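You will see chain A twice below: alongside chain B first, and alongside chain C after that.
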Partner chain A sequence: MFPRVKLEAPANNLYSAKVAIKNGADMIYAGIKGWSVRPNIFEMEKEEFEAVIKLVKKHNKEILLVMNCFYGSKELDKALKLIEEMSGKGLSGVIVSQPALAREIKTKFKGLTVHISVQSSASNSKELEFYKSLGIDGVVFARNTIESNPENIQRLSNYGVKIGVFIVGDDIANYDGKCYLSSYLNHKLINDGTERYSCAIGSANKSGYCFLMCKRKCRLLKDGKIQGDGYYLRRQDLALFNKTKELVSSGVSILKIQGREWPVPLVARLVRYMRLALDSLEDEAKYQKAINQLSKLVRIKQQIQANHLWLLSKSKFRIWLALRKHLQRPWDNLETLLWLYAPFFEKMRWRKFQKENLILN
Partner chain B sequence: MFELNTSIFTLDELISTDISAYDAVYLGDPFCAGYPENLIYNRKDLEKAVKILRENKKRAYVSSNAVPRNDDLSKVKEALAISSEVGVDAVEAHNLGVLRMIKESFPKLNIHMGYLANIYTLATVLKLKEEGVRRFIANYELSLDELGELKDECGLEVELLLHGKMILGISEDCLSKKWVPEPSAPGNCRDLCRNGPSLSSQGMTLHNFGRLTLSGRDVCMIEHLPSLLEKGFSCFKLETFGEDREYAAAVAKIYREALSAAKDADYNPQKYIRLLEKYSTDGFCNGYYFSTSGQEYVSKG
Partner chain C sequence: MEKISEREFNPQLSVIITTIGQFQGLNQGLFDKIFFGNPFCPTGKDNPAYNPQILRQACSGLTFKDKLILNMPVCPLEDELLGITKILDTAREEGIPGVSVSSYGMAAWIRRDYPELKIYFDSFSNVYSLKDAELFRELGSDAGLLAYEAGLDECESIMKESGLEIIIPVFGRFPIAFSRYCFFYPGRLPQECSNQCNDDYRLSFSGSSEVLQKGRALYSAKRLSMFGHLPLLLSKGLFSFRIEGWIMPVSEINKTADSLRQMLGGAFNNHAYKELFEISTYSLCNGFLFAARGEEYIR
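What follows is the complex of A and B.
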């Protein structure tokens, strides 16, 4: 028998929350504009978030508010006020990065569960002990730190704190929360019209407008000689679904899917097949089918990422080249085609966002 | 009074560095446990290193693993035990788990909280103060104004990066080994780190040091020393790992002289800048101290 684990899915609007629940998510996580580590366009207005709370409660699921920026000293009170407001509406829990904020929430709002975000890069059992002493309910561990060794997870799960891992996620160069490449390129404080006084363009930790330096093409030099051009800071995408059985049996209690910035159809299918895998842990044939589907989805995700890359770039020629490359691909099915071009429809939003906020070189 | 400190990773480096201009040294490489002859894990070398520092009347701090995984914890504890026995002046922790370990098992050790602990707010600093932290380096993304406020309200020592390359990220594994195709024998691992590849993208340069990505430009605060001293900062770090030993010695001497002169009304940083320029390959920046992009240089003149 496998223990029951929770599947946590992202939502960037009411529709995506609806779809995620329909496909079998146990928990939804979402952010309010200005308060989480994502650009504004992947976050919601307060009113929409309230609607999401209502929807999730109706289906007897949990809704977590993502508050995982490293706020400045002056913003903490505003953050607490926001949490107070939302907890009155029926919020189930909060995801935070700062231990001090976590402790405040735990003492002020007894009914809320508090999870530590992957932004904190928790990586060992001593850290888990530290968070336990603050009364934290769950900790999402940094990528590639615990999953390689099931024994480790077993030891961790004895602490009485829920352990979460990202099962599908982006490739990133550095540990989450410990990367400042983007703000080195460009960093500017602006008033972004949200409740927070200001947000820092360029700093993922402070507000979420990251320039994705790790996904850009760069030139490698050694001893003054050019070694080549390429995506050197990219690494393999996080795809742990092959290990679902090991993770579940060794004591991971939350499996998280990244993707507030990914197209809704993609996330919906990731959730659906992940649900299928979790429900058929004892049925090998069904389980394998789900895993195969997930592998396929991750491959498609990589293509979408490539598209997102050229959306960030100014050069029209490169857009054309990327497009041509895809047109030469043999199509698996119509769905693939739609997903691949989903970013097209997001292009206008990206453009608007760029025009308003970003000054790219 | 002020303190100038730097990081030195191995005994050889310590011996070959002229540390006369420093007041304290952080010993050991916290970022890579596999760094050859890393002082953190090497009892004999650490004892010798601390002895050398004591003879020179310098304070000895020891770093600890920045992002330890579960498997590393026993090694970290052993290293802390060595530091405790050798009797160092403080240990530097970057990780909350390590902080807890020090508090539990080695309560007598002074604790400095490192830069990778992501300290952004007063609330976090106060929590760390409860845990027994004496000094901290706040996240580089904080501006001088914010740092000043933190310092005034928390009552702990605040350490600032004064000169050298900023750490812009730490990765799960060694990036140099991944990129450089030549087979790397265990011996040339250190050479690969010291003489690592660099990346250029979007018109900016990044250096690689094993698992770390470093800024191409050197943070240089020499023009702003008077205002730093005025705000009451007194602990300063010169980041010199991966650089020539000559650089480590020369930069410290320049800054020591400048810091002594900074209180004078006719402080002229230009001559120091000219000296520092000799040691910089990609130019200077001011990090995030003035709420600008990390790579910008804010000149007073």
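What follows is the complex of A and C.
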């Protein structure tokens, strides 16, 4: 008998929240423009977020507000004000990265659940002990550490803090929240019209406008001589859904799907098949079917992302974002079309990507 | 609480070095604190952050033991905690005064189980605000580095309002990211490490001229040099500076420290200035302090 775990899905607008709930998500996480580790285009206006709260509450699910940037001294009070406002509207909880902010929330808003973001790169029991002392409810473990040793989770799950892991998502070469690769090359402060003090373009930590330098093609030189061109900093994507049974039985409480920046139809299918996998843990045939579907989806996700990156490399990032902002709904439709046709091109394109050494290992 | 502004001006100079080779050639008398060990590389054979033998070896050759600060591993896995306990036990036995940590959990643990060790927070602790700094102070720390992305105003206000000693990197290699993966031999064992990352590998992104140096499972970016801004930093009340000696030749560290000492001693003489600028003739970066990109040099 497997214990019950929660499936946490992303939403970047009301429509995607609806779709995620319809497909079986237990929790929805979403950000308000300017306040989470994603560009504004993948976040919502306050009014839309309030509508999402209503929708989620109507379905007896949970809604978490993502506040996982690293805020400066001037921004923390504004962040707390925003949380207070949303708390009054029925918010279930908050995802944060800064322990100092987490402690403030726990002190001031006792009814709110507080989860520590993957941005904190928690990777061991000492971190859990510390977060437990602050009264934190859940910790999402670092993306590039937990996979190697899932048996440790069993021990870690006894610390009284819920453990969350990303089961589908990008894997990055560097630690979440501890990388200045993008901001070193691109950092720029702008006023983006949100309530925050300023928006740090290029910074993954301060505003989530990361230029994903680690996913770009680069050239390796040794003593000035070219060794080769390739995606040297890119890692294989996370596919922990293959280990769903082990994770669930060892005590993981939250299974999280990345994807506020991914097309809605893709996230919808990921949620649907993950739900199927969780509901059929005792039924091997159904479980395997779901896992196979998820594997296929992750491949297609890589292709979509590769196209997205290709577009990013061909256009100015901000122009691209502005275009997406104004064409959001048509773009969702276009991506749905691409999604439908993607399987026809899958084999051909997959071979090409492999040839280009897109995925290491 | 003593306010920094009320203290007598006493400039502090520290250095971070990673290998026993660097350590043996270091002119220890030039520094107030010596941060020792590579927190990013679990497989390097000569890394005191992961190897107690190397730490003991270093301690036996230390003239000024009260200056040594041991860098603790960043984001250790659960399986590595036992090894870290051995390192901390060694540090305690050898009478090392402090350790540098990169997370709150590690700080809380060391505070509880090794109260005699002073705690410093490193730049990857992500201290961006006054409240973060205050939390570290509650955990027993009274000095450390803010996140690299913190601006000069933040450094100044956090230092003044928290009473903490904020250390500013002023020269050397600027680590901008680190990875659990070894890019040379993924999944290798420590005994297979050939220190290949110490070679002159460079990485450039297609379509741009930016070059990053890879080394020791981290990317050490172009050289950092803040010498031109020392008067500005001092005028803001900042008084603690660090040379980022990652993979730097030890002779260069000593030479820089010597000139820097002269400058911090009040001797803003042309000779010291000239020497420092000769050392840092290319690839200057310090933009984060001025709300620009890290590699940008603000004049």
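Going forward, the second predicted complex is superposed on the first by the 311 of 361 C-alpha atoms of A that agree within 3 Å, B and C clash if a C-alpha of one lies under 4 Å from a C-alpha of the other, contacts with A are read in each partner's own complex, and residues count from 1 in each chain.
FYI, contacts are C-beta pairs under 8 Å (C-beta built on N, C-alpha and C of every residue); 3 or more make two chains touch, one makes a residue touch a chain.
Please read all numbers here as calculations on a predicted model, not as lab measurements.
Annotation for the three-chain superposition on chain A: chain B and chain C clash. In the overlay built on the shared chain, the residue A:Pro265 is in contact with neither chain B nor chain C. When the two complexes are overlaid on their common chain A, residue A:Leu220 makes contact with chain B and with chain C alike. In the superposed model, A:Arg143 lies in contact with chain B only, and not with chain C. Of the two partner chains, neither chain B nor chain C is touched by A:Gly135. Chain A residues in contact with chain B (one complex) as well as with chain C (other complex) are 70-73, 76, 97-101, 103-104, 120-131, 133, 142, 144-145, 149, 152, 155-156, 173-175, 177-181, 183-189, 200, 202-203, 205-206, 213, 216-223, 227, 232-233, 361. Note for the complex: chain A touches chain B at residues 70-73, 76, 97-101, 103-104, 120-131, 133, 142-146, 149, 152, 155-156, 173-175, 177-181, 183-189, 200, 202-203, 205-206, 213, 216-223, 227, 232-233, 361. Chain A meets chain C in the complex at residues 70-73, 75-76, 97-101, 103-104, 120-131, 133, 142, 144-145, 148-149, 152, 155-156, 173-175, 177-181, 183-189, 200, 202-203, 205-206, 213-214, 216-224, 227, 229, 232-233, 235, 313, 360-361.
Contact residues on chain B toward chain A in their complex (touch as defined above): 67-73, 95-101, 116, 118, 120-124, 126-127, 139-141, 146, 149-150, 166-172, 175, 179-180, 195, 197-204, 206, 213, 215, 288, 291-295. Only residues 74-81, 102-109, 124, 126, 128-132, 134-135, 147-151, 154, 157-158, 174, 176-181, 183, 186, 199-207, 210-212, 219, 221, 285, 287-288, 291-295 of chain C touch chain A when the two sit together in their complex.
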